[in-house]
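Think of it as A, B, C, D, E, F, G and H in the order they're written, each chain with its own count starting at 1.
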Amino acid sequence: MNRQDVFLAGLGGQGVLLAGQILAQAALRSGLEVSWFPAYSPEVRGGEATCTVVMADGPVGSPIVGRPRALVLMDAGSVERHLPRAAEGAIAVINSSLAPDPPRPDGVRVITVPANELAQAAGSERSANLVMLGALLAVRPVVALSEVEAAVLDALPAHRRSSAGVNIEALRAGYRAAGGDVSV
Amino acid sequence: MLDDLDLTEYEPVYTRPESFTDTIMRYCPGCTHGLAHRLVAEVLDELGVRERTVCIASVGCSVYTYEYFNCDCVQAAHGRAPAVATGVKRVRPDSVVFTYQGDGDLASIGLAEVVHAAARAENITVIFVNNAVFGMTQGQMAPTTLPGQVTTTTPRGRSREEGGYTLRVCELLSQVEGVAYLARRVLTSPGRVRAAKNALRLAFEAQLEGAGFSLVELLSACPTWWHMTWREAFDWIDQTMTRYFPPGEFVNWRGCGQAKE
Amino acid sequence: MNKPDFLLLIDEERCKGCELCIEFCPKGVLALASSFNRFGHHPAMVVRQEDCSGCQACVTMCPDACIELYRRKSCVGKTAAAPE
Amino acid sequence: MEDRSGATRKLMSGNEACAEGAIAGGCRFFFGYPITPQNAIPEYMAEHLPEVGGVYVQAESEVAATYMMLGAAAAGTIPMTSSSSPGISLMQEGLSYMLGCELPCVVVNMVRGGPGLGNIAPSQSDYWLATRGAGHGDGRCLTFAPYSVQELHDWSAEAFQVAARYRLPVMILGDAVLAQMMEPVRLRPRGEAMSLDREWAVGGGLKGRERRIVNSLWVVPEVMEQVNLRMKARFDQAEAEMVRFEEVGDEEPEMLVVAYGSMARVAETAIGWAADEGIRARLLRPISLVPFPYAAIRVWAERVRLVLVLELSLGQMVEDVRLAVEGRCPVEFYGRAGGPLITPEDTLSVILSMAGVRRML
Amino acid sequence: MLDDLDLTEYEPVYTRPESFTDTIMRYCPGCTHGLAHRLVAEVLDELGVRERTVCIASVGCSVYTYEYFNCDCVQAAHGRAPAVATGVKRVRPDSVVFTYQGDGDLASIGLAEVVHAAARAENITVIFVNNAVFGMTQGQMAPTTLPGQVTTTTPRGRSREEGGYTLRVCELLSQVEGVAYLARRVLTSPGRVRAAKNALRLAFEAQLEGAGFSLVELLSACPTWWHMTWREAFDWIDQTMTRYFPPGEFVNWRGCGQAKE
Amino acid sequence: MEDRSGATRKLMSGNEACAEGAIAGGCRFFFGYPITPQNAIPEYMAEHLPEVGGVYVQAESEVAATYMMLGAAAAGTIPMTSSSSPGISLMQEGLSYMLGCELPCVVVNMVRGGPGLGNIAPSQSDYWLATRGAGHGDGRCLTFAPYSVQELHDWSAEAFQVAARYRLPVMILGDAVLAQMMEPVRLRPRGEAMSLDREWAVGGGLKGRERRIVNSLWVVPEVMEQVNLRMKARFDQAEAEMVRFEEVGDEEPEMLVVAYGSMARVAETAIGWAADEGIRARLLRPISLVPFPYAAIRVWAERVRLVLVLELSLGQMVEDVRLAVEGRCPVEFYGRAGGPLITPEDTLSVILSMAGVRRML
Amino acid sequence: MNKPDFLLLIDEERCKGCELCIEFCPKGVLALASSFNRFGHHPAMVVRQEDCSGCQACVTMCPDACIELYRRKSCVGKTAAAPE
Amino acid sequence: MNRQDVFLAGLGGQGVLLAGQILAQAALRSGLEVSWFPAYSPEVRGGEATCTVVMADGPVGSPIVGRPRALVLMDAGSVERHLPRAAEGAIAVINSSLAPDPPRPDGVRVITVPANELAQAAGSERSANLVMLGALLAVRPVVALSEVEAAVLDALPAHRRSSAGVNIEALRAGYRAAGGDVSV
């Protein structure tokens, strides 16, 4: 059985949960079993938000992952807290806009992406989460980019559908930045 | 610029209240919970009672109150702060005891507790922050939610059929003997903020004089769950909320008034 | 540079950039910084200290008690007056 | 949406799946009070119940919600509420009254870290409250603990039939993981509203029937005893019919692992890894906690060297397991209390160390 | 004597209400709980709604209410009758639903429930029997106990320090939107009894018209725990109790009045 | 008065003896709400606490009473409340908060017939509530079950020391027999009020100390876990120090009878009669229910042919006995639920029939 | 004996002897019996039926609804009038 | 060990509980261990009241007695409900004022006393309970009459001390009626 996990973390408000939901939706579209599990502080704003997406071609089993094999870390605090938890051989995509000079532990492949800047360039600083997701897909293609693009539409709350274009742009920018080829 | 200035040439006009800890408050930007806190802290400073004050935190966005006020604190269960305050005050009659409660906490689950603390004329002070919504649990209807107001549990707007009518706490408590001081204030301009602070000071003075139960209701903005900017929120308070919740002094033990702000 | 009569100190880490102080300052003394603080907020900053009348509107409206106000001792006659 | 297998499944949170499951199962009357981590349930009900002619009432408290349920159940419906640990504590008197009045209802508890206000992290420390609770007196709730969003959806629907059949409160025991986790769900179609026409139902007019009294006051001890014995009889029947559990893992295990709910999800993964390490472990996952699968565990206790109980608590279900095992083999416990998650990695190392210790014997 | 009379020559002027069962009520001699019951039964008869009425009994001396009213009944937990009534009414909107509650039940443990049922404008009727004492549990202080009144838990008389102030339920509820009818009545003379019955009829009519929440407070004698004869008790009601609890009509959906009895 | 032995003893009801015991033990703050069959406790407190400078507050409800206790305990006293079954159900959230805040208190439960409103007859059906209760989360009360008016008096006094020592809620579990029964009591002298000067106490001024926070909210799961582990450590200590039980009867029994509280009184008489019939039975009477005398029962389980558990319930403590016995011998149960008393005559015939059945084996 | 215009029937088993009817009867029609009923109460009894004006004061005040009042059909003109 | 029990029953208001308490107090005065246990319906008035007094020269053991050996039954209902519970060889004192023609089961010695009338003669119908208690003592002298007389004072609530004289008169009247000799 093929089992993949992605752990995403950032500041509340950075869209980490949504990015994870989009990934989960894409996995569902791809015919995978999937589980998305969030954890955050009770305060409304400013606390940390994290989520874990587990995908498999059979039952996903534990939605909880002790040592993730793919990490998307969107700020310095997340890097500090969660990078040490990375599994041997894991890949970590780090937002260099807010965590400029992350450590590079042995056995973990660290990719840095200036997500805020790229998002701004794509049209909205709020899409940094999708830049990061795009970057992840380029280096760890757990699902196809096209499925994620389709999922962006599914996952956005109705009142934010209008921002889908910007989001897809951001997603592709991240994908490209991490070496992916979007000429599909 | 500061480097150029010799601070010894200056004297303080306003400095951070001693009754505050250094902890950074976790409220959303534009949330007036912080403002209400600051006024309470200033009043405690001015009355010089910080060291003998016990703050009873409730359950709502202000649950961490105990991290912010630089005095002894007890964290109460949802709605039960007045009962907890009663316990503290009975054991420590020399302490200055106040609760800090939201409208869900005080007017929904905790209604009996606050009315009965008032009827017992408990010498405590209640800071009642009314933002017409359950903030902490993410924007559900509160008893104080206005008619027509959309919340996550009144998705079609509050109506007689869905949610019932808006509860007015000061009006209710104005009928309870045992209340020494009772006022409603808003926080939407510097002048109104000063009036609010004045009411808070009176409320604590009532307690210090052993006059009985005191409560100040503060209409407060929740930009987050009202889905408004703070400016829209302040306007909504001034134009809509105050129509249901008129500011005023309902009971004043020094001479009863229905005095306006 | 002349020494201003009033001096504002803003605790930038504590500031949430809510703009209440800015909006309520009758003299346009304050503005948001373009930089971010640790929590991702653009903090308020003093842009025209010399125009400050010491009216305390900013201080009164700040929900996070991040503003401190000082007055030059030698500046007799000028008192920090209540707004409105 | 359609997944690759052609099945139409929707990515939903446990809370939403639970609420929609209830509507599908015939729920039309929901009385609730918000509390994290289950706010999405009342919110979903407020939004969607009117679509099927149902009613959402936001009670002033969990106490009031329970008694609104009592009134609604007395009137013939199978009402529902949902809450999380502190709120469930407040419902204890009301649940006892439901039992005393012999009324059915459905209660969801998305357990959070305790005691007190605690936190909103996942926890299983309400096992006693769920299985030995329902306030004062001898009664308890029939309690079911799903372990996936799909199962939550399904049990939430089934709960209404179970409650009606046994005329008992049914508790769905989830936690902050199950409540907030999103997984694809094959949605049940929305069924008809359940009939109000029940033997005990008040209201609807006296034409052609005697007046009815729903009551839990029985001054004469012998009469009260009859109520208790009737209740016990319904429990005994449920015990005979409603024991539910699942097993997975080695067919000739040296170790039986017992875990429920989200902890069972974790254990499932860890047991697979343990097999890779050569440990023959089997997971028995109680789905029904009341009635508890004593017999099934007892059978294994004769055959394994060790039973390992895993809980997100200081050890509560472990007592039921010990009652099942009755000394037939050692029962070991591993748990954490107050919110820290137990990961599959943690679980594997517990299994390995237990296996190691036993092997050395 | 009856043997000499031919009953067929007579027509009934007053007969036992159909809304009563044959069960003998268990109240003490001179207790006016029975009187309150009888009035409710007469009103149900006159409105012709008995068969579609659901009575919610509470916990107090009137706990056996369900044995006395000849209609469907639900026995609620102490204080929670308005919540139970809400549940019944929401499921059976065509039923006439009323609660029968004492002052301990309604004003002490059940205060939040009654206020919130009122605020939700639940279409239910509350019969509130205020005898200034916990009758069933043998005479402890109730929220409605008068200042100075001796009870088993205010052995030195209720005072601000021991027990606090007297709570006035009608005055409190008069501040709640959602209330359609609200009145206080006494039962100390035939005329007053008729006025009370009239109020009860209006309360049920409010429900029948879907006007919202209705409540009638009846000042009631507890000769047993007041340690009085019924005559002393009636005098105490007329002379002392009504000073704290003035009879009157507080809300009337057909035209709001503060009308006296 | 002086009895013939020269001792000064007063004929008192269990309720009065309990209240006076508390005052003697140092209780000065009582928060209560009337409920039969324990009304004489709040009434006694209202009358007599002022004599020693204490305070009686009649709360608006049992919920409020519990939180007044929380405030009072936070301020440094060991507060007390008393109630009966439905009221204790309403206290569950508050007791969980006491545990979360690590505060001591004393709670009396004079159990009555349930579930629901039930009746006011003697019952022991709150055993689970008393031993597995205290609301959500892993905590519980230390629970003691006296069996005479004198013992009630003494435990009521001792409870304050126990609560203070372990910083835990202590529950005194009585029932309608013990509450209302009158027996001669050798009264303890009224002690001093307990000191308010405790490491956690708020109020009394900040001079010379840091500000204090009494709290049960711990957002970080690992911190919450520490609270739970501290609580568990205090429990473990109590488990080591506070197990209390009494034994009476045959020294080489064929049957061990386990019963507590008023049922133990009945069993004591029945065992005497059984001896006359040639049955060698021994009564083990747990006084501490939490911590439970598992070890003592286990020892006998190795030596007797049968353990018989007697309860005024459908069977709750019997689970703890089974946990102690762990299959070493059969555990039989006899109980009645909802108020009917079990007389010594009933008990004797149960003992005889059990003995008969076993002999035939 | 003349047929009285009004007739009172008192349910003696239900009566608690509280005396409310007796006290409120303006005509002295009623009195307590010296006998006991099953519950140990002295029930009310009619001692001067012929004086009854049908005013219903007794009926109105009886907490236990033990009194029924009948009027002779032929007694036109006389209506049961409300007291006070 | 010598163990005695007395079961008393009557209508609420007949003073059954008080009579039992007086007996218990007298037993305490006599140096016995004693336990008094009441049971009644929750209604305030009119229901049944019963109590059991167990006395012993050692620990009393069970305060609950299944088959009492001495019964004091003050009304017809009590006779109906409780006389069948009497133990073999028991004695039952029955108030013939309210239970005029009681059954006389085999193996139970039944004594009838017109307690209401005797009480009235002694000065107050309310003292029927003490008449009954006196009668019991004459036929089953569980404690000395003098100790009971002393206990009457102890047990009466303060505001009813004034009635002690009548009570003692009633007690003696019952004692005499059942054949006792009060010329102490």
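Everything that follows uses one rule, which is that a contact is a pair of C-beta atoms (placed from the backbone, for glycine too) under 8 Å apart; a residue touches a chain by one contact, two chains touch by 3 or more.
What you are looking at is a predicted structure, and each value in this text was computed from that prediction instead of being measured.
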item	value
Minimum number of chain-to-chain touching steps separating chain C from chain D	2
Chain pair, most C-beta pairs within the contact cut-off	D-F
Euclidean distance of C-alpha centroids - chain B vs chain E, Å	36
Distance between chain centroids, defined by C-alpha means - chain B, chain H (Å)	63
Gap in Å, rounded to a whole number, between the CA centres of chain D and chain A	33
Centre-of-Cα separation between chain H and chain D, whole angstrom	54
Contacts with two or more other chains, residues of chain H listed in rising order	42, 46
Per-residue multi-chain contacts in chain G, two or more chains	39
Multi-chain contact sites of chain B, meaning residues that touch two or more partners	27-29, 63-64, 75, 77, 108-109, 111-112, 116, 120, 136, 138, 143, 163
Residues on chain E engaged by chain B in the complex (per definition of touch)	108-112, 115-116, 119-122, 143, 160, 163-168, 171-172, 174-178
Complex contact set, residues of chain E against chain F	59, 63, 75, 77-79, 108-109, 111, 134, 136-138, 140-141, 143, 152-156, 162-163
Sites on chain C touched by chain B in the complex	1, 3, 6-7, 9, 11, 13-14, 16-20, 23-24, 39, 41, 46, 49, 54, 56-57, 59-65, 67-74, 80, 82-84
Residue ranges of chain D in contact with chain E within the complex	29, 31, 55, 57, 59-61, 63-77, 79, 93-94, 97, 101, 196, 202-207, 211-217
Complex interface listing, chain F residues touching chain H	1, 3-5, 9, 11, 36, 119-121, 149, 177, 180-184, 262, 265-266, 268-270, 272, 341-346
